[in-house]
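All chains are identified by letter, namely A, B and C, in their written order; residue positions are counted from 1 within each chain.
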Amino acid sequence: MTEPLFVIPLWADLTAVALGGVQGALFASGFRGQRRLDMLGVAIIGIVMGMGGGLIRDLLLGVAPSTLQSNWYLLTATAAALVGMLLAGLFARLNNVIVGLDALVIGLFGAFGTSKALVLGLPVVPAIFVGVCAAVGGGILRDIIMGLPVAIMHVSSLYGVAALAGCAVLAALDAFGVDLVLAAIIGVVVTTTIRILAVVFDVSLPEQRMLYRRKVAVETAAIPIVRPSAEPEA
Amino acid sequence: MTEPLFVIPLWADLTAVALGGVQGALFASGFRGQRRLDMLGVAIIGIVMGMGGGLIRDLLLGVAPSTLQSNWYLLTATAAALVGMLLAGLFARLNNVIVGLDALVIGLFGAFGTSKALVLGLPVVPAIFVGVCAAVGGGILRDIIMGLPVAIMHVSSLYGVAALAGCAVLAALDAFGVDLVLAAIIGVVVTTTIRILAVVFDVSLPEQRMLYRRKVAVETAAIPIVRPSAEPEA
Amino acid sequence: MTEPLFVIPLWADLTAVALGGVQGALFASGFRGQRRLDMLGVAIIGIVMGMGGGLIRDLLLGVAPSTLQSNWYLLTATAAALVGMLLAGLFARLNNVIVGLDALVIGLFGAFGTSKALVLGLPVVPAIFVGVCAAVGGGILRDIIMGLPVAIMHVSSLYGVAALAGCAVLAALDAFGVDLVLAAIIGVVVTTTIRILAVVFDVSLPEQRMLYRRKVAVETAAIPIVRPSAEPEA
């Protein structure tokens, strides 16, 4: 359970935690109606988004969670969640900021997950898998805890593919002897770029079958991710 | 994975498991309609509430789950779930008992979680975090498995804050050199008292923003935590 | 984290992973309307069903997940998920295949879970528990991620009892000195047979109380497991 050789410096790890915490709190602050959260709930989502990726990574790797070996991770995630709440109060529409932060966070967690797995000696396929789980795991936990449809499972904008591509590029570069830090930076850039471009150009994966196409488009649009609070009950 | 120095005696640990099992089965027996459970389902919820806190604690600590190193934990949780089913059949309205047991259970799991984390050498902030996760984790698992809104996330009665306060008091007393057993007992009392007072006086955390206040009050009341079975469909 | 004595050969483990992957993808491909998944979503469910049981088993045992120590598990699960998608496109009604595969998969994961727990020295009751969790855990994860009611919790066809019986028979045979491989084979047969017979004869557990019987029957039938896509919104 000692990891003397692990390459991610604390400041980089804490940056990912902080960005995840801000993003989570911004996301959670946006809910109204039945899904509205109190301050503790917003803080929990911030902490889940800041710490979840690292926890899932270390559970999969079978090592004691490194985010719990120091006071700094939780203090950073909590402070970031508070900052996220304040920012949510200052700005009316933060959708672009949330999407951009989200893209960067999945890039960072994916790269750190795959790097750590490679350093611990995992084969390349599981190392990519651990990175993808670390990247998208926080968001899955968030959606489950908030009772939302799990975003990555529904016809969406290449969310998981972006993480997969970045982690695969990282692992491939590492296999060809590229320095791991450089490989990780390239991996972050790949994931973040794909994710942002997917949102900008509204790209989706093909559905597994092309039947009922028109009907699905209507129904997908009808998924009530956030119920408008002005909606009449009856 | 040996923990020779750990201070929680088996009888105390099993008491928490038993109370959690009874509480879980009482809670699960109360459901009607679509969420109604068969006997196995009620037993599963009892086991989840009796064992979940300890499992989450040990996963976060990176040690093999101590509740699976002996036959007694599962036998106790299962027997307690059966007792809970019988009690639910004997009494018509058990709400006070469920709330009281719940307060005691989160106090015990929180104190055991933080104590074990401190004994294993974790810093104080993660040690408190592990205690809070152990205290509320069983309930989160229960709500997710039953398809309910996760209770701790919604405008509620200081559920998580009670656990946080008890675990923080425990860690602070330990830092000032107080005997860990005494500190744990005080932590249990703090958590249980806050949780019961919060229910009695119906205290809530402030919401993160005060807009739409009247509308939210109406909508929150409309969350169908338990659907009355006599409700007409149309 | 080395397990030199563990008896499950790689081909058997990979067979379970492959069958789980095919079954998961068949199951996930069947959804329409709001729950419809894109190709990545179907692949994720296939991987969850192929790998979930083994991951849960190893988390409970406190060992590094063996499914991540080799490239073969993920490659097998992914290929199996693709095969499942193709099969779902070829056949119109696969319900019998899905039920049969499911029965075999829970038998295999249950037997492997209990075997590994016994080999690692766990007492008999937790060893059975680990097997049951490994058997049903993949399905619970699948239901949670897809936003479905957790199948094992609702008045259903002896799903968990089948796993429990097979794992208990395995552990009992092992306790009486029967060779573990033979015991595991018998355990798989017991679980698979009970599960298939339960579906064929539509057996259920008794509900925990017999009141409201007629109403429950109506309401249970009304759970919209799969919403018909032709349903009008208004």
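Keep in mind that, in the parts below, a residue touches a chain if its C-beta (ideal position, glycine included) is under 8 Å from a C-beta of that chain, and two chains touch if they have at least 3 such contacts.
Here the structure is a predicted model, which means the values were calculated and not measured.
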| item | value |
| --- | --- |
| Same-residue or different-residue interface between chain A and chain C, half as cut-off | different |
| When chain B is superposed on chain C by its C-alpha atoms, the rotation angle in degrees, nearest 5 | 120 |
| Distance between the centres, which are taken as Cα means, of chain C and chain A, whole angstrom | 28 |
| Residue list for chain A, restricted to those that touch at least two other chains | 59, 63, 144 |
| Residues of chain B that touch chain C when the two form their complex | 1, 29, 32-34, 36-42, 44-45, 55, 58-59, 63-65, 67-71, 73-75, 85, 88-89, 144-147, 229, 233 |
| Touching residues (chain side chain B, partner chain A) in the complex | 59-63, 122-126, 129-130, 140, 144, 149-150, 152-156, 160-161, 204-209, 212, 215-216, 219-220, 222-223 |
